[in-house]
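Naming follows writing order (A, B, C and D), and every chain is counted from residue 1.
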């Protein structure tokens, strides 16, 4: 969520306009290879239909920007907010989460019309400094839903025993990851968002923490290492698992990452061979923790990761590049070795408020704070994250059993 | 399921060919007003997607006729049986029932191609007397799925708070139902399918039963009478309800038929005013039984109904008419007063085998017999039943809490 | 439930007094080998604590006899009806069925005091012809709960991995069952309770049915035959099972009768060797039906069983004998070959009302009629049934997956 | 769990022997007012029967001390470990957690015999320095189960609509709590167990943390304040609640603390008037957090609480006093105003390992570490905590929806 507007960390409006248009266009380009049926299905409560993402992000612009800041604006359709609100209690009732996949009307074409209508209506606001904070938030929100759209449709297609593809299998070059550790001397670190530019409310306030000396692996854990973990009985040795995790493994008969079968993994291009040197992906916190225990290491703390990442921002938004995601091939971690870009990396930190954190008033205040219970912080970014979306202070968060996101791990150790 | 082939009750092959083509065409015409998304969704485990119905019926022809009786026939796609088998254990594994709504590929166009391919391949078999039994069974099977397609898509659209329509609201003339009772003296009756023509295996063997004198209402219970039942506390008086029924009413907070709100009901044409003189519809056995108790009457027994219906067959197949269902307006019971045609009528008979009943060998033997536990017999036919599909000996069956079919009731009493 | 009092089939009052005292004493004698803990536990929703049975039967006498027919009578404790009412909606709220096992107070001693108090208070009513119907009903009710007490405590002790015993293992003589079939020519049979003496409301009205010729096995299916059914893959061949049954077998991984392990079975005397010649016991309707199919036979219809049993009433109440159950050894079917006495025998008849059946008014009318949905009729009596309790017209009933009662099967066939 | 044995922080053996005997005697004295039935029931999965607590603690001594350290020791009964192991996977299989309440044998008397047997066998080990760590752990373990025994039996009796009591209502003096705040300047604090004496493994290693300035309320939130929270709509205003919390409130229709009705609360002495000045009790983390938000304050961090509590240890073990818990009246928070003694106080800290934490090898290593996911830290001690059991570094932990413990809250704020 946007910080209080007195803080001077917002991108120049002109940049906002570019990013707005790029994000909106990216959402739409991802719908292109999908059929009307593909964009409608919902494979589980955690996931949403692609059409819903396209509509919900539009609802956000309409509700928090157009409705409140353009007096003459009339809602495109007064009955749609009920259908496309996600979790904003303050914005009224909404359909049960698990029923989103039954909304065949409005059609995708109607939703695309809505998008075009809202895109046009937003233009006057894009360089209005009075709403720059909200516009920046809306862009970040749309970018988040772009990643969710990608992970949700992947999960939906995976349910089909025919293993359909929405993408051609690409030929991504898998650079060799670099071995070794990045050491950090510990001490007092200033953490939280402190540069210019947009950040969510959960990244602040800036504060100091005391770190012990530690080291972070230069590389991500790979599919090959995970194969070894399995081969050596990782999923059957209760000593490696947290109590809740062990119950989950047994109840759900978990024995491999999500999307694995034999030597293959399911991707947006259907079933593909698994590259043993590529980073492992689609694991839960429970699995990441068990693996780290098995490896004689541990997961990094969120502030350790942030401290190690200082000065290594993610490749940023590029107005020239147009498409803010490499769509030449399906999103797949290849092993860049970089902190940002392959997989979100589990930390051992529970997702909790920073000292003196206080949500903003009103519906947008529901953005992050109310989820601060039972979830875990992930750092970095994934192959499905919009370029420039993340940063060292960025806090992604999920429940410990969830694994349909592009989630992996980077080991840490005490030194 | 077809009777043993020695019994000479099969329609002349030439008639079979007409009925085959009519049923296939009818399935396809019902898909016309639906989008790719509409045909894909599944609103509950009991329902199936429209596309699935279109594909599953085709799988039936391919599996039981073409594969077994045309030596050179090759499956249209070898991976599709797994996806479109319904419950035939003998035909191998199949996807979990609740996941049918996640199959976005093959597309509707691909399924329609398959249908065309199978329709053409079937032609040589349509007048082959050696498979006439199986062809008749396949037609009856397709006709059943036509009704299910209609009830399932209605349930799917109902989930959408926007109340979408797939049909124009029609202007059906509602004839006044005739009051009074049809008396029957009781005695020994011969029941079960005994005329020429196809019948399912569950309609035989023909046998004798002893009936007490009884009377059957000339008309169906109406929406207006149901309004009165509600107004007088029908849903809140435990004395009217069976024990399982009362638990269901309370757990699910049932207070009206399915698809009711205020003075309206949901139809294939969206929300429409309710006609108080039209037959009540979309009720469960539990509700039918409670209403009958409240009314001081009872439900008919299945053999009472059959005995009363002797000689009153449903309007039959009409090769001239083409479309075997009135599609000028959405299916809706209007109150013809006839035994066949408005709503399926609950009996108080459990769905059980007749004396000396024995399922046929092989996969087609799974058609009816294995469902003979926990369900109730319904007689008649509904506004969504293909013309000529039903007959006096016809036994429809559902679980006592199900109510998404066109189900209603006709009262009976002892005399 | 008692028939209307104009029907002259009630035992002479003097007999009622004897039976009342015998039943009350029998309940109490069965509590003797049980600890305060034993009588308190509830192992599943279907079962009730032994103390609850002792109290509930007492509540019945207090509620329907003493409260209504002895003006000066004051409830022993006004708060106890809430705790010990079972399912009589008309008698007000009651604790959730699954919470009966948490009622540690009143203690067993207090409940026994209550029993003594009620026993004494009942004396003046025992030979009062105006309440003879209700007294007969109360005795039948107490006798039913005696059997339930026995099956419920068995299920409770079975949960304990230490396999505790409440009884010494006896040395019951297992007479060889007689092979062969009892043939019946069919025809019109008069069924329902038609002799003198008490009967439940669900055994009437007397009416005629038409039977086809059939034969009933002289003996019950044995443990040894069931071993063979298992050995030949009975639990893994879907073709033998009803659809609901097969889902149950797979979901619950059913592979043997309840209480079986290796060559043993759990009894009130703990784990004991299984006698291959003794009747199989603790099976569900689903299993009985699958076995009959496997054996090339079928289950009897309830009226076939009744017709075959005409004139073979159960050994009756014996005022001299005192204890109305053989308590020299734990209840266990040994194979008397008789229709009454080893195990309740599943029929293929759904539990439904007879023609012109109508429950009596008021709370006692809830006794039987409201359970007429989804259950199956069992005939005969078991080793745990009070002597004289059953008769040819008796209808026991349970859900098709239930098997903690002494349930077995006797095959039938068409002739 | 015990620290590595090289650390010299264990109480002198002589003290251990006293504490062992006191704890064992206290467990037994709490069983005295309970019937055989009372000690057997289990009211929910989270709770265990009193008899189980008495047996499980004995199993612990037998398994980790006697079996491993007294060569000639033979298990009292070889079949009991299966029944009384709790969650130690390394110690083999055990009965399903929810079935503990069905174990009526062994009887309480048999368990007490076992206790006496083990107590005697333990004597030689009580002053053996080689096992002092393990003995200290066993005592702490027994003390924890004493508190659980008290909370579990309370929950069990509460299920009974008759509201039974196991204790006389006492006349506890409720001292007026002192208003105001304890300020702390923040800065670097050393946290974790650092004094002599036993501590669990989760209280270490000692490490430094950086604290912001804060203040802690001198008093606990009271029943009266909670009444006001309710009156002002606390349970119906979604803005006060975390997302998971709000789902919990709605699904379970939570509208007050556990054990509340009208002006009363359920206690070990049955239903009693609620003292508005006494600390509120039996609330969940979700409720504590919502209240703090409503009050414009927040929950303390676990290290803030620990820093504020430095030098204020709980009243210690008193060898003279004998009984290590005030059993003159039922445990009930009265408002001493002290950090230890009324209720466990929720912090906003997730229960996670301290830096460089590593569980010890073997089964005792399962004590604490494997629960470090999804739970929250509570500090202090309650009216049901054994004297001397807690300390500033003590970390109690529960899931955010649990509330059958003596849990309350003390507000904190930033300064």
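Rule of thumb we're sticking to: contacts are C-beta pairs under 8 Å (C-beta built on N, C-alpha and C of every residue); 3 or more make two chains touch, one makes a residue touch a chain.
Everything numeric in this text was worked out from a predicted model, so none of it was measured.
Counting hops only between chains that touch, chain B reaches chain D in a minimum of 2. Looking at chain A and chain B, no chain is in contact with each of them.
Averaging C-alpha coordinates per chain places the centre of chain C 47 Å away from that of chain D. Centres computed as Cα averages put chain A at a distance of 60 Å from chain C.
Averaging Cα coordinates per chain places chain B and chain C 38 Å apart. Not a single residue in chain C touches at least two other chains. Put simply, chain A touches chain D in their complex at residues 87, 89-90, 188, 207-210, 212, 238-239, 241-246, 285-286, 289, 348-350, 352-353, 355-356, 370-374, 400, 414. Against chain B, the residues of chain A that register as touching in their complex are 35-41, 43, 79, 82-83, 95, 99, 101-108, 156-157, 159-162, 164.
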